[in-house]
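Listed after this line are the structures, all set down as structure tokens.
In the two complexes that follow, chain A is the common piece, with chain B as its partner first and chain C second.
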Partner chain A sequence: MEKSSFIKAQNKKDGMFFALMVAVPTIQFFFFYVGVNLNSILLAFKIYNDEGTEFRVNVLENFRKVFSDLVNYPMLKNAITNSLIVAFWTILIGISLALIFSLYINRKFFGSQVFKVILFLPSILSAIIIVKVFTRFVDGAIPEMLEILFNVKIKGLMANPKTVWGTLVFFNLWISFGTPILLYVGAMSSISTSVLEASRIDGASFLQESWFITLPLIWPTISTFVIVGVAGVLTNQFNLYSFFGDAADYRLATMGYWLYCRTIEAGGQVSKYPYIAAVGLLCTLVTLPAVLLVRGLMQKIGPKTE
Partner chain B sequence: MKNGRKHQENILKSCIFLILFLYSISLIFPILWGFVTSFKMRGDYVKSTLSLPSVWKFDNYATAFEYFYVEVGSKTYYIENLLLNSILYAVGCAFIITFSHYIVAYCCTYFSKFKVTKIYTFVVLIAMSLPVVGSQPSELQMLANLGLYDTMVGMYILKANFLTMYFFVFCALISTIPKSFYEAAYMDGANNFTICFKIIMPLTINTFMTVVLIWFINFWNDFQIPLLYLPSQPTLAYGLYKYSFSYKTEISSVPMKMAGCMILFVPILIIFIVFQKRLLGDLTMGGIKG
Partner chain C sequence: MRKTNKKILALVLSAACFINCFGLLGCGRRNQDSTDYTKTQITVGIYEGGYGSEWLREAAAIFEEKYKDVELEDGKKGIQFDIDESKNYGGSNVATSLNVMKRDMYFPNSLSAYHTLAKSGAMLEITDIVNEKLTKYNENTSILDKLNDSHKEWYVIENKVYGLPQYECAYVMSYDVDLFYDNLLFYAEDGINFIKNKDDVKSNGPDGIKGTMDDGLPATYDDFFKLCDRMKNKDITPILWPGALQGYINYFMQTLFADYEGIDGCDLHFSFNGNSDSIVTGFDSSGKPIIAKSTAVTPETGNLVFKQAGLYYALKFMKTIVEHEEYYNYTDCFGADLNHLGGQEKYLYSSLLNKPIGMYIDGSYWYNEAKGAIESIMEDPAYAEIQKNRRISIMPLPKATADKVGEKHTLYDVACNACFIWSGIADFKKDIAKEFMQYLFSNDRLANYTKITLSTVPYKYTISDELLAELPYYGQALYKFHQESANFFPMKRNNIMIATPGLADTSCFFQTMSENAPTNDFKNGVSAEEFFGWISDFYTDDVWKKNYYRE
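Entry: the complex of A and B
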């Protein structure tokens, strides 16, 4: 009897500590995650007056405008396809290469420590710095290098409308390795050494060990990156604002960039928010099944037991 | 047979080494090029983008400092104001977001006897994978309604969340601490506050500070969120954005643009070199299943 009332008293103390500690993040969550997202959904069905002080509810008006703009203004349509293209390459090739690099670095092969430091450089620099240096380099230094080495004259890669899109996709891939490699190597290094030793004693090569042991054991970490990448397809700007400010050519826009530009343009005018919210809601409705599908796929093709 | 396989393995390792080597060159060379270019005269750069400066113009940096400012309404924010805003924003937000993640992860790991902890884990998983698009206008409206728009306190409150992968990083970390630590402290009469802040936190302070550092770098470098949410308190990163798009004659040349970039690059490079081991230490995400 005494023991159970003691346990009850301890549970009460623990409960109070728990509630006190998580209070602020939990309240914040309700306001700025639940509240904001519910409000965003509701915004999509509102039409405000110009002053933003009154609104009326109209279920379809904002969405009609969105579909009409999709047909009449190529920027919105481009934004969706461009986002998909960049995301496809950065997820497929970015994650594959990051894993290959991580496997090499984790095994501490020649140069691993140096590579680990250098690969992390883009993650510590402001996007503005990398973008500006990259742009000037590919528009100035690379054409001059090609002329000196091969006597070939080309336009700057960002300045040339034919190469700018490929260069942008390349850029996003080029700077993507830092944090993922850090986390992949972290996950790989927590694999039990006895498992790895046993495989090496059995004569497993680097490739066999990587494919049959390391990658399956870090599958949850890989899945997380794939799922987060897919979830962010239509929110990720892919650095366009750093390259162009609000003046990107309509053929280059991504959805994340389009949304950010429209929000900046709204400049606090509540009357402009519902349209952006409507686009956002449609994007969410389209991306959600994709995320669930990818999640299911990753679980299906992944290893069955830990 | 064994030699053949070893030979194949060596070729594979060499190929990966070559790719990593070329990729590393592709990262370092442009940055070095940008640094050297920042000391050139406009004429030097027009003549050749690849040559060394004929005269090393160190005063390019003095000019860059002079023109590194942001005008907001009738006020002008020079580099010292931008620096102060950056420090307040980056340091404050980094500590708050890390602490929020830490404390919720601690409570969910240590008090896993409470069923509600499963809800928190589920919520984080959902938030990480649910594609919420276009909620910034709504968030701005929420901040404005609460009187927090365009305030540093508003930014701090926005960061008091626990919805990123670092929740799992801290869960993994805290779950590695043996229960005997808690039990011994409890036997000595320690209460929950003492256990959390005087015993467990010091044991996990390394990873805590690593995550603070990662967030600090993130917030220090970001200009887009402050631009949207904190327009009247511009940061250094926003200052560089304005500088890099400026058409003023004094800073319109490529060398001057590079000088502006290097002003922001060098301090972060120093931080990186000093804290390199901490930043590149092992972080793992625990508690995620597929």
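Entry: the complex of A and C
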């Protein structure tokens, strides 16, 4: 009896200790994450007066404006189209390339360490530094090198409207490799060596081993990146703000960039926020079922480990 | 042992979350080592960047000395300004976080929410000090008397004032005077040919008056492009602007617009009430705009202002530059690499490195912002002497058409800013804060502001010849330009502008369905006429009445 009451008292003490320790971060989480996001959702249903000092609740007005702008504004339609194109590149092509690089690095083929460093470098340096260096290279160094070496004069790749899109795609792909490769290689290294050795003994080639053993075993990691990629389709800025500020050509703009620029443009004028909040909420309503669908699909179609 | 490990883990995880809270401590006072607690503290928040804080600190030091014996609190003698310089004091931050920041005085970089803040009671009313004649500073005028007429409408709310503009800014074209002389790029007296010798008499320039700062400069757009062609023939790149900041060109086009329309036309553009002599109704077979005389504009038909000829000519000017790729370096002007500092440096070094660039487009504050580049040049013995005597000046803009030559230059002031006193300031500090605010707008302080920041202010003020001689050539030119030009401020206090102050921004000014900056469309082959038409297509009667019109 004495022992059980002692254990109870000890558990109670432990519980109180735990509660006190997590109380502050929990409160912080509720204020700065839940509260802020809840306020953003509620904003979508408000209309402010011009001075931003009073509001009234109007469930549909902001959404009506958004749908009207979707019909009338080529900019918005263009932004959505660009977001989908960017998603194709970053999810389909980006993840595929990241897997290929990871398989290469995992098997320690020639130059794999160099690849590792080059591909992971953008993840450890500041994004703005990478953008500036990259811009200097493609707008300054490449034209100059071509002129000196081959006497060919070209416009900078970011300056030239014909090459800017391809250059942005290349940049965004390159900087997206770091974390996925780290996690894929980590997942691949956790595959039992006996399984791999057995497959090699059975005569499996590198491709067969990758397709039938490695990829199925790291499928959960791949799924995670696909799902996260889908979740970010309509918020991906494509690094446009880092390159161009708020003056990017609208032909390049994505939904994420458009939203960001509108928020900056509001300049603290509260009356402008409800419209932007409505756009954001609509993006969430579109993205959420897409994410759930993709998650279901990935689980269903994914290769089984057995 | 397991329980101990759990506790340690819980501690570590909680500490990791808790560390975020320290971000909140980032707000508040800085430089606590230099705080003198025997003095009453007046806290000031000023935006870090742009015009800097040197002018404010100098004024604060003089004011502290003047009031070193004042006793505002028990046990304290004198005052000390606690000046916090941070990017947190940007306009939109200040507008939304005033009650969190809790500084006594604010000097944000911009404040389009001036009316909102004033009406919410967040700003202390300063009408008394603004109306008081500044006899204590040997002046016979008040701050309000000195304030540009164009600004009064915005800053005076129902006969009360809550904040004051501390600087003005227009986007201008600067040029290298020495380069122009060395290469004979000034127009001769006949206004058609160029000078053959440096001492030749120059043309009257766009304002048509001899002896002003625009003598010898191109009088019309056609003259300007003729000048560009001449520069090109002499292996001088005519123009540079920072490609990473295409928005600067939009601001510059607003200056072109203002210079065409003049104060009256600009007033109409933002009051939406009056008669316009410059509404474009179409284009003739030669592509020239057909301009209707005396078109009535009312708030209900306010969208007509987006057909003002000044808007068309501004677009036309930039389109002509963009389509002549020989006038600029494409990568510099349309790439993402060259930002404002890079552009300033490139321009300043260009003639020193024998790759001369004739003209540069940037904000009127740019020379102060280029301090770093100028210091680098001065540190180089090969260039120091040249830089010391260097003459970079403002180029008063050419007129769109010959019939406009002779009209006064008009600047478009894009700086919607206001410094103010927080209404939550302690009662015992109110009077001294107001006193300081008043001091900042005495003629001496305004003159010193120009001396330190190389920027002008939207007030009628004078700089003595002695002080003017201390300024670099650019500063002298800027002041002279300020004196010779009209300054237009777009923020008006009608219901339409209060509802949508963004109408003064370039985003609304050049608003089309695509929301694209004009130069982005120009480089893709869109003509000025097309773009001008798109602006009208955006501001249809229905759209105007639904989204912008207010009674």
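In the analysis below, the second predicted complex is superposed on the first by the 267 of 306 C-alpha atoms of A that agree within 3 Å, B and C clash if a C-alpha of one lies under 4 Å from a C-alpha of the other, contacts with A are read in each partner's own complex, and residues count from 1 in each chain.
Simple rule for what comes next: a contact is a pair of C-beta atoms (placed from the backbone, for glycine too) under 8 Å apart; a residue touches a chain by one contact, two chains touch by 3 or more.
Keep in mind that this is a model prediction, so the values were computed, not measured.
K.L.:
For A:Thr163, is the partner it touches chain B (first), chain C (second), both, or none of the two (neither)?
P.N.:
neither
K.L.:
Can A:Gly245 be said to touch chain B (first), chain C (second), both, or neither?
P.N.:
Both chain B and chain C are touched by A:Gly245.
K.L.:
May I ask you to decide whether A:Ala266 touches chain B, chain C, both, or neither, giving the answer as first, second, both or neither?
P.N.:
After superposition on chain A, A:Ala266 lies in contact with both partners, chain B and chain C.
K.L.:
Name the contact category of A:Val24: first (chain B only), second (chain C only), both, or neither.
P.N.:
Both: A:Val24 reaches chain B and chain C.
K.L.:
Taking the superposition as given, does A:Arg136 touch the first partner, chain B, the second, chain C, both, or neither?
P.N.:
Touch partners of A:Arg136: chain B and chain C.
K.L.:
Once the structures are superposed on A, label A:Ser199 by its partner contacts, choosing first (chain B), second (chain C), both or neither.
P.N.:
neither
K.L.:
By residue count, is chain A touched more by chain B or by chain C?
P.N.:
B
K.L.:
Scan A:Pro74 for contacts with chain B and chain C and give back first, second, both or neither.
P.N.:
second
K.L.:
Between chain B (first) and chain C (second), which, if any, makes contact with A:Lys155: first, second, both or neither?
P.N.:
Touch partner of A:Lys155: chain C, not chain B.
K.L.:
Which residues would you name on chain A as touching chain B in one complex and chain C in the other?
P.N.:
After superposing on chain A, chain A residues 14, 17-18, 21-22, 24-25, 28-29, 132, 136, 140, 245, 264, 266, 268, 270 contact both chain B and chain C.
K.L.:
Can you list the residues on chain B that touch chain A in the complex?
P.N.:
Its residues touching chain A are 2, 5, 8-9, 12-13, 16-17, 19-21, 23-24, 26-28, 30-31, 33-34, 37, 45, 48-50, 100, 103-104, 106-107, 111, 113-114, 120, 123, 127-142, 144, 146, 149, 157-158, 160-163, 165, 191-193, 196, 214, 217, 220-224, 227-228, 237, 240-241, 244-245, 254, 257-258, 261, 264-265, 268-269, 271-272, 276, 279-280, 282-285, 288-290.
K.L.:
Residues of chain A touching chain C in their complex?
P.N.:
Residues of chain A touching chain C: 10, 14, 17-18, 21-22, 24-25, 28-29, 50-53, 72-75, 78, 131-132, 135-136, 139-140, 143, 155-156, 158-161, 243-247, 249-251, 264-270.
K.L.:
Give the list of chain A residues in touch with chain B in this complex.
P.N.:
Checking each residue of chain A against chain B gives 11, 13-15, 17-18, 21-22, 24-25, 28-29, 31-33, 35-37, 39-40, 43, 97, 100-101, 104, 109-111, 114-129, 132-134, 136-137, 140-141, 144-145, 148, 174, 179, 182-183, 185-187, 189-190, 203, 205-207, 219-221, 223-224, 227-228, 230-235, 237, 241-242, 245, 255, 259-260, 263-264, 266, 268, 270, 272-273, 276-277, 279-281, 283-284, 287-288, 290-291, 295, 298-299, 302.
K.L.:
So in the complex, which bits of chain C are touching chain A?
P.N.:
Of all residues in chain C, those touching chain A are 3, 6-7, 10-11, 13-14, 17-18, 20-21, 91-96, 110, 112-113, 115-116, 119-120, 243-247, 250, 330-331, 333-337, 495, 498-502, 505, 507, 513-517, 520, 523-524, 550.
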